Amino acid sequence: MSKYWQQKLFTIVVSAAALFSVGVLFFAVYWIAKDSIGVISWEFITDMPRRRMTEGGIWPAIVGTVYVSLLTMVFAVPLGIATAIYLNEYASKGWVVRMIRLAIRNLAGVPSIVYGLFGLGLFVSTLGLGHSLLSAALTLALMALPLIVSASEEALKTIPDSFREGALALGATKWQAVRHQVLPFALPGMITGSVLALGRIAGETAPIILTGAAYFYPLIPRSVGEQFMALPYHLYILATQHEQVAVVRPLAYGTALVLLGLVLSMSMGAILVRSYIRRRRTW
Amino acid sequence: MESKQPVMSSRHISLWYDKTRALTDITMDIPEKQVTAIIGPSGCGKSTFLKTLNRMTDLNPAVKMGGFINFLDKPLQQYDVVELRRRVGMVFQKPNPFPKSIYDNITFGLRLQGVKKKSDLDAVVESSLRRAALWDEVKDRLKQSAMGLSGGQQQRLCIARALAVNPEVVLMDEPCSALDPVATAKIEDLILQLKQEYTIVIVTHNMQQAARISDGTAFFLSSQLVEYDTTVKMFENPGDQRTEDYITGRFG
Amino acid sequence: MTNRSVTKTKEQVIETGLFVVAFMTVVFLMLILGFLLTRAWPAVQEVGLREFLTGTRWMPSSRTPGYGAFTMIYGSLMVATGALVVSIPWGLAVAIYISELAPAKVREVLKPTVETLAIFPSVVIGFIGLVVLAPWVARTFGLSHGLTAFTGVIMLSIMALPTIVSIAEDAIASVPQEFKEASYALGANKMETILFVILPAARSGVTAAIMLGFGRAIGETMTLLMVAGNALSMPTTRVLGLPLPNFFGSVRTLTATIAIEGLDVPWGSLHYSSLFVIGGILFTFTFAVNLVAEMVMHRKEV
């Protein structure tokens, strides 16, 4: 085979692989959407599940997912942002800082089910928080932490040093410089980064199975001590655990679409906002 | 040099970035209410020396320093660094206004000191902008973003911002290098005005500029101070062959 | 002056506070590790680590209990390795296309698209595997059901893809332009340059991408729970007399075991403790993989 044809073939194969990955994405969305669009209705979104989940809607699962994600963020965002500020603004080189970075990277690599097991062991049983919104959110917060730290650090890195120097040269203390001339400009990036993390967290199933998500709990939780339904777990149950899997299949499709829509719209929204901010930036 | 009281005096300052030597045994006095120019080829340590004068070098953990610098009656190290930087202001090579309004840029330093009264702030905004010869150009748009100003205006804003906290010394690191000739001329006029009230140290690559605006000139070469004298002497009758070569442009 | 010292104290408090928060990450990691160890300890003592790692009978709640987790280790390694066999060439091809071949416009669309795959909840990927791929597998290969290791491998390779693409793409993009120019100047064509100059130059980043992809695959739960069949068996087949894993059998992974049994296991029982042993095995796998990736990526600095 001549060099020319080799190169041609190579290009075709590589491009095909790339195209295929896009194909997979659209195919996935298409397959979910095709069979679920008919299921989605106002009632499906806002109704309680009825008759052992063979009828009705998924309202408590939607609310549960929103609750647990928000509660997670309440714990993870302040910790994550503070950690990022320390690492990017204060830390000098040294073994402690290396250790912190190593810990963050390893936290990011711990399998989600191991977080779940840890949450079960610590929050649910040892600390006696039970299967609850609180246990699940604390568990998810540990998972979200490394995501938020790295997103926040990235945002801080976009702030030029001249801002810090300018403030310091005017007699600002370190914190004043950070507080007034770094954080305000990094905050939009931190928030969009956190929303991206939120999207990932909202779709997690494994950690909440063991820590608080309920098989069937058609109520809106009124305290953080209650169990809750969640979209990802609900989808898992409808897809594989329900006694009449075939009967509830349409509901499973509908749940999948709502979950996917929720997660994708959050992430896409954050990505769009981020690129808008980048374009608008004047420095 | 004519003996005016030195405001700052450096004694045997040496400085390393890790293993790179950036300053070698620099001893020189900065006289009060004069313009002192620092010239020399790129990489000779001009900016580094300037940064030692308000301890901006402290920010870099890789820096190691020997020798000492006196500011008025005591060594720099004995000052609270925040207080020191307020009294020894700095204007950077690239204009670096904060992406906030003109008004907020000027008042930032004062607010840090706890000044809150609007009339006080207003007064300082006007007086520092006037002193930086920018007032007439921006008085109608104080609330607009500083990023909308031209490069020369931004640099004058940064000068005004530095003046607003009422420093005693103003350090300027090639303040005109990013500007066109018209804007440069404006800043030069401004510097000549300012020396009535402030002690100014300016780093410049531009020989004519040094000759036009400075009273004393220091010539740095590969981390050392080669010669330091009145500007007139330096330009008309330099004592060192290397100074002459550099000033007349016979130098790399 | 007192004013200044107040400010100074405040600065000190803020810095210390931020440090303490940042250091919490280390504490959390240690807490997870320590907790896994202490909870796993009773089972390790009672049963012995050897039985966990090599035994093949997993029946922790039976009256004559068995704690051999090797079946699940086998299952996890089998699907993770299988997934990488698919996603390494696929991911590298996508990374190469994005950084070297794609026109700027295409790249701008392609990169976020692949990253979007990473956002897909694993339960949704599992669902698609269940309703789309599994029936197809059953039909095509004439099986009674499609919940096989093969199905898991395919879905898992999709999940590992974004990790591999994004890290490998970073590595490839950071190969200096001079290398490429030197290669072209020597008369190499684009393919030769990519294969013989760019990929070797980016090999540490590419290796790290593969390691992290492996970590991601070993740790994945929901997708495999839904499509790999969860059978406690080690399907093998003989090819030319050689025993090889049979990808058309069902397997159960370490992760799936925790998810299945963790919900109704009595707290404090030996079974409970043995799940922490499995958690510990998973933690060790991913910790080691991350550490290696880390070392490979920062080799130059060491």
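Letters A, B and C name the chains as they come in the text, with residue numbers starting at 1 for each one.
The rule we apply is simple: a residue touches a chain if its C-beta (ideal position, glycine included) is under 8 Å from a C-beta of that chain, and two chains touch if they have at least 3 such contacts.
Remember, it's a predicted structure, so these values are computed and weren't measured experimentally.
Colleague: Report which of A-B and A-C is connected by more C-beta pairs in contact.
Modeller: Counting C-beta pairs in contact, A-C comes out ahead.
Colleague: So which chain is the furthest away from chain A, centre to centre on CA atoms?
Modeller: Between chain A and every other chain, the largest centroid distance is to B.
Colleague: Whose C-alpha centre lies nearest the centre of all protein C-alpha atoms?
Modeller: Answer for the innermost chain: A.
Colleague: Could you state the distance in Å from the CA-based centre of chain B to that of chain C?
Modeller: That pair's centroid distance is 55 Å.
Colleague: Averaged over CA atoms, how far is the centre of chain A from the centre of chain B? Could you give it in whole Å?
Modeller: Those two chain centres are 48 Å apart.
Colleague: Suppose each chain is reduced to the average of its Cα coordinates; what separation in Å results between chain A and chain C?
Modeller: 17
Colleague: In chain C, which residues are in touch with two or more of the other chains?
Modeller: 7
Colleague: Which chain B residues touch at least two other chains?
Modeller: Chain B, residues with two or more chain partners: 82-83.
Colleague: If a residue has to touch 2 or more other chains to count, which residues of chain A qualify?
Modeller: 173
Colleague: Using the touch definition from the top, list the residues of chain A that touch chain B in their complex.
Modeller: It is residues 92-93, 160, 162-163, 165-173, 176, 180-181, 185, 282-283 of chain A that touch chain B.
Colleague: For the complex, which residues does chain A have touching chain C?
Modeller: Checking each residue of chain A against chain C gives 3, 6-7, 10-11, 13-15, 17-18, 20-22, 24-25, 28, 31-32, 79, 82-83, 85-87, 90-91, 96, 99-100, 102-107, 109-118, 120-122, 125, 142, 145-146, 149, 173-175, 199-200, 202-206, 209-210, 232-233, 235-236, 239-240, 249, 252, 256, 259-260, 263-264, 267-268, 271.
Colleague: Inside the complex, what are the residues of chain B that reach chain C?
Modeller: Within the complex, chain B contacts chain C at residues 80, 82-83.
Colleague: Given the complex with chain B, which residues does chain C contribute to the contact?
Modeller: Going by the criterion above, the answer is residues 4, 7-8.
Colleague: Taking the complex as given, what residues does chain C use to touch chain A?
Modeller: Interface residues on chain C, with respect to chain A: 7, 10-11, 14-15, 17-19, 21-26, 28-29, 31-32, 35-36, 39, 89-90, 93-94, 96-98, 101-102, 110, 112-114, 116-117, 119-128, 130-132, 158, 161, 165, 189-191, 194, 212, 215, 218-222, 225-226, 255, 258-259, 262-263, 267, 275-276, 279, 282-283, 286-287, 289-291, 294.
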